[in-house]
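Here chain A shows up in two complexes: once beside chain B, once beside chain C.
Moving on to the complex of A and B:
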């Protein structure tokens, strides 16, 4: 009968102490917290990496940031580097500067043009140079220079525009007024000496002529550099038709003459000569409405009268031929109407406008970064030097200014994962080349070669290590006596802790040079060592039982090891002999027959042979991957219940049958996780690949050349990438790809592993 | 060489001669000397750690799988020594079947479990396998219970059925001797009874050696009984005589439950 003190503990019974209960509860929560924290950390890392990469996929943000009533519709518009003070030019001696900061207007007069009759003019945004042609056949130019002035107390600043006049030259060839001009200038802004040229068209109709004035800026012994005319060349006789437009590339090496029949003649300028290279017709029989060179001077953008827009680039059709123009890509068409074009001086962006449509496009990927219908018709436009502003003159007499925020125009899913036809390339391809020698370099951000490299490196590493590691695990778990196993297993585990930088160093500076001239030996060893083991196994089985019983079970390795070494050594020695039999190449210059695998391989297969190749990487990665796979697989095999192995042995199964029929199926899920962890190690391995893989982002399965993997690429390039740049974010994107690659593989593997375990589980 | 009733059963079918056995430095069997007759059930009894399982496991050299074992003396099966230099352990184990304490079927179907010994011997003819499965399962008194689900997993059977499956598996290859290491230790009384009935019928074909802790079991199903204590063979004789009239004090103490 429960009394009032029934709940009181029986003093004779031991109660669980409060401390034990508290500790138990604490540990429960502590472990839960640890587990959740790990998951949060992993997800957090993923989100941090992804967060850096996400801005790559934002399209351009362009917003109107002011407008000024100009009252005119200017044919030419130019601007300073920061988009503060555009100027308008209408073909006289007057330049009108509009200040977007204080809305003021300023006019400048070019003194030399006061009484001149200007019949043609062109503006080059790279040099801020306006070139003009006169009615009397002379051509000249002036530069617009913006200088930033500061208050005395440095509290404010303003731009002070100025005009710098340049010499005027008389065109010798042709007659009539100058009808088109274009200026090319190869000089460096800091060093004005160098070659320049002016392309001039004179007259119209039957009498039209095109000539080139070649100029040279040379420093005398004393004083400043002086611009001298070197000569003039008449191109008229070489033209395909009556010229309509002339274009010189801003570095002065290339001249394009657009004929009225739609042909475009491409001339290349050497030091003194101007030679015709090619005639091409982008739009059959039709004069393009707009032809302009892109930044870098290798590509042109052309627009037809009905709004088709194409990019043509200089490239070689084959390795030997000269560079000629060919169509590289087509952009989404523009509406009909006069075309407004201006290219960025930072990257491959350009603005294109027609009708009342305005868009910002990027030539590498062929993407439209931004587009808008505007309530006026654009007649002229320009991108400022920092690519931060668009200045567009409308037919309504208003100058519109747009703020451009497009930090990553190079980025797009197509650029990362699709084939892109880069400037100078022979076709569309996957290419990774993030930085170049000059500012007008076109970055190539395809991740495909890196993904391919990662998979290739992993493939060759696993090709070598899976058989070795699994066979070693089986041997150790099922054949080796415990005493030997006790030594072998810790040794393998120590091997796993070898720093990969040491392995990479060994691979690059010792293994690679050794293997370079020993490929036939290595192939022979790979063939001979396993065969010799099989052979000795066969012979062993043929020996009478009496002899076989002399050796205790598990001691056979003492017999096998010397044979393996013997045949390994034989393979090494016989390699050059085999090379002499099979790998003889014919030297193309002397016609001699030389036994050299490194030369034979490229000749026989057409693929490259490099010293730091996949074979070296596969070997060395093996040192990193084998211990991981071995240790886990060995544990899985050793943990197969003794009752099962004993039962099968008692039924007369030999050791190999015990392994094959009982141990492998039961341990299969554990072996599978061993393989997956080995895979993860191989995919993520960095240092060995940085040092020994050669680092070329090629997409070739060839075992005798290298690769560049995602991880190695991040290690190599991240220290050099400017924080926040497209390059920097693309490297983070490649990290995301690596992360996803491994998680997808691991998830798939886990699913498969669970199925294996379900099928082979022991109740 | 399966046992036949045509010839006279051999009284020393298994002959253990002055057998000593060591795990490393630790001697577990001392001068065991006994003759086990053909086609009879011989029980090995004794307290835990007395060496009865070790002796049993030496009869098919299962202890070879353990590192650091050594022995002195000899065990002869049907006249030939287990340790003859020309004895292949694999073939030896095909002559000596074994059933373990804990039923341990493989993660395979019932059918594949039974034919395992044929498979590893390289016999794969369908009709031969089918015939073996039917015969072995019938011999193991399991046929009627599983004949409709031969290709289901062996884990779907009850504990007693699994143990009978292990017996069927052990006798599939027609061994001469069947070693049973406490075959009923993990079973309930009903299943135990079935196994014991089975043992009584199997002794017509096989020489059976059984290790057991259960003395009723020994009396119920064995013809002869050996009592081992501290690695020594204390007493060996007809079961009825040994239990009814033990000659040694230790034997009497053990069978009357005074120590275990």
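Moving on to the complex of A and C:
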């Protein structure tokens, strides 16, 4: 303010300069723009991720895409992998190929069948193999091979079907013509076990018999193999009744014989032996009309005459028992009538039709993906190799083709978040196992173990880091002299810049092996170190004031630190001693006793002890999380106005009272923010968990085993997931889940923080 | 026994234990930083390689063992041809990154005018790059999934061509101090699988495998991450396509498996043979007949040791037309004596001459 004897003040002196005003306005808009841009970017990222995940929830789209007049009602229909050229077979030596592209027809004859009398036949879609049985008790087979030919510049192509005949075998057992036949073949091009078998039924009624021809086709990594017969087994004496149907799984490991009384006998094939494992009876008192194997050879779909449909799978009822069939799922019923069935060679879909009804179903989820009433009665149907077309032969002599667009049948809310009974499992459960070595693997896409893992990892990380970080922040803000604080705080902040890959590497290959046999030591240290500090505090308080005044306020740490280290060291040393007292493993058979926590824990609790466990992860995540929480909390505490702390000190509050009654409440909202940012860091942390958490998608809270988190799972699996596949999109879905998880938590926290701030508002 | 087998081998100093380092750090780093490792094959490569040498020496995770050569004597030496120049791009597997870099280096010695770029971000990056024409070579440590082949076929009308460039045998590893001699497939299945398709009883304890002193010691399981080819091959061969137990610790790289097993006395893990170190022992494995076989080259080729697979490079070859000259010459180099020497140096098994000849003639057609 100008003095009284100053000259008349220049009014311009009080005006803000034009430049400053302009700059102010510019910055105002600039910051607003920046803020909005950040919000848009975050929303944009969310939408981008969500956009990749959304197609998972689309239902199947099936449309008719052409038909061909065949003039016959074929019992067997097969097709090439692109659904262009189906073939029809009615027994005999003739195959009719119909071309959907140019509507032409082509016939092929199987030379070996010219004069043969075929009495039974079956078609295996997996290998495109037709197996036939003859009147004289011989069985043989041939493969239908579609070769794609290209023109000169590879712009156009056409299919060239051919027949490859396979050896004919004479059935040793039984008599009469072959009445039913089925071929099982494990010889994947890359599966070296090479087991094959043919199940044959001969004769009818009293004279009926069932036997198995065992074949072998073993080959190394390269070179061709030769098919040889390794024996034949007569199964007739082991059957529950006269066989009505025989089925060999397409992987050649099991045989099902359906009796006319409705019993199903299940035989398993070892290398040389065929053993009866189980007899089961689905559909009380009824004979199943259809028994069909699903792709993969561990599940069967049974359909009764009145249209009930069930899935039975091989699994163990208890840990010790052998794998037997049990009912896993029931599908919505079909109308009555003859059943058309064909399974996809890409996933667990299958078509099922009866009467005028046609449907596409998916076995893992038990869903009906598509259904329709058609104006003809389907008599035979097939899904092409790529699962892009359904070819259905109607009773009107027309072959209908449908285009299928159902890229993600595996996906459904139930698959992601519900319990599903997977093939081979011992019950419905949450399971993540996204990819398998072969295409017939049933993917398991439950996100629950991953969400659980994320929360578990975060919980243990925060359990360890919140007390340490907050106590450190309080100590640094309220007790430490400025000179020391100037060194400590930047040091803690530098800790935050440690790359988490390095932390993960250290955790996995140094900390984990060290901690594995030192758990009692760690427990003792966690107990003893804080106790030692409290003890010193107590003793210090008892000392005469003269002695205490020798040390300036805030210098006590020099006294505390050595004692803390001493007790920490003592804890480490005494760990094995304590282990010998409490954690003794007793061998149940020999009574031998071993003092070892790693063995005691599973015996005492029934839970696993892993080297890479949550304890290790919690420790290492602490390095990443502590600096974050510490810095922000420390700032909040340091920013408590000096006027308040000084005033309370002047009124006689001691240092602890100042902290407890003034600093903590005033800074509470800031501390809360620190915790939330720490939480965010822990939830999103990836590399430490990838390297040190073991990556086991288990759902146990057990501190001594690992976990797999959403973030770690994405990091591990995304680079290898086929772009656009269900697996790929599911990983994006898990990113959406992670996003929602953190934003819900943050929103809740922000609301809480605002309340805290309102309540503790100063002035 | 694998233990004696190893100690008998004269340990000549092998400088680069490539896979162990690359497997552990490189992919991890890439994922966190979300950037691709583009290796431009000029000076920087050698510098980078030197740093890797130094890093390997400094960390001394494990010196690689020099095993006797399995190189097929009939493999032909590479013959230089004229008129090869241009750019060659390779996008795909990070497992094959190392091998690819060495091949590119050797190839460039013959053709200084050729510029080769190698990107290794994961096998699944190979098919999209091939489809979009961004690369001529698509190295993959697994076979292409049907879905990926479909996409390729949709664009070009024909299927991509798979070139087998090396053999990788899978081994079951135990800690070097583990006394176990070998395991049958049935035991392995009982240890690793939750569905146990081979029909054995669940095995979780070393005592169940006949190690009396280790009764009560739980078996700690290590494996590869589910999307890797190693995971799939092991699942198919050993578990008969059954499910893994969820207690198998899935590691992001093959060498992480080895390091995990090497640091845990009671561990068991599986990984490629190329990653074997002195801290672990590749144990013998018995097939259906129960006879144990060492994971040797001969056993892998004959099929006695059944867990073996090919490493592949996918190319876009029009049917009925030979491959373009540059790509063809590169693949010829890879399948030559020199190229297969590199394979062996990197710890994998070379392919037999017969197969190399077959593959090359198929590419020239």
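By definition in this document, the second predicted complex is superposed on the first by the 696 of 763 C-alpha atoms of A that agree within 3 Å, B and C clash if a C-alpha of one lies under 4 Å from a C-alpha of the other, contacts with A are read in each partner's own complex, and residues count from 1 in each chain.
To be clear about the criterion, a residue touches a chain if its C-beta (ideal position, glycine included) is under 8 Å from a C-beta of that chain, and two chains touch if they have at least 3 such contacts.
These figures come from a predicted structure and were not determined experimentally.
Chain B and chain C, once both complexes are superposed via chain A, fit side by side.
Touch criterion met: A:725 reaches chain C, while chain B stays clear of it.
When the two complexes are overlaid on their common chain A, residue A:55 makes contact with neither chain B nor chain C. When both complexes are overlaid on chain A, the residue A:92 reaches neither chain B nor chain C. Of the two partner chains, chain C is the only one that A:609 touches; chain B does not reach it.
For the superposed model, the angle subtended at the Cα centre of chain A by chain B and chain C works out to 110 degrees in steps of 10. Of the two partner chains placed by superposition, only chain C is touched by A:433; chain B is not. When the shared chain is aligned, no partner comes close enough to touch A:684: not chain B, not chain C. Of the two partners chain B and chain C, more chain A residues are in touch with C. Touch criterion met: A:695 reaches chain C, while chain B stays clear of it. Within the superposed three-chain model, A:161 lies out of touch with both chain B and chain C [touch as defined at top].
Nearest C-alpha atoms belonging to chain B and chain C sit 45 Å apart in the superposition, given in whole angstrom. In the complex of the two chains, the chain A residues touching chain C come out as 148, 150, 152-157, 188, 190-193, 218-222, 268, 271, 296, 315-316, 319-320, 322-323, 346, 386, 422, 424-425, 431-441, 444, 449, 499-501, 504-505, 508-509, 512-513, 516, 585, 587, 589-590, 592, 594, 598-599, 602-603, 608-612, 686-687, 690-691, 694-698, 705-706, 708, 715-725, 727-728. On the chain C side of its complex with chain A, the touching residues are 24-25, 27-32, 94, 121-125, 127-128, 142-143, 145-148, 150-151, 156-158, 167, 194-197, 199, 201-202, 215-218, 220, 225-228, 231-237, 241-244, 246-252, 256, 259-260, 263-264, 267, 288-289, 300-303, 306, 308-310, 318-321, 352, 354-355.
Of all residues in chain B, only 60, 62, 64-65, 67, 85-88, 90-91, 93-94, 96-98, 100, 102, 104, 106-107, 116-117, 119-121, 155, 166, 169-170, 173 touch chain A in the complex they form. Chain contact summary for the complex, chain A toward chain B: residues 481-483, 544-546, 548-550, 553, 641, 643-654, 657, 661-662, 665-666, 759-763.
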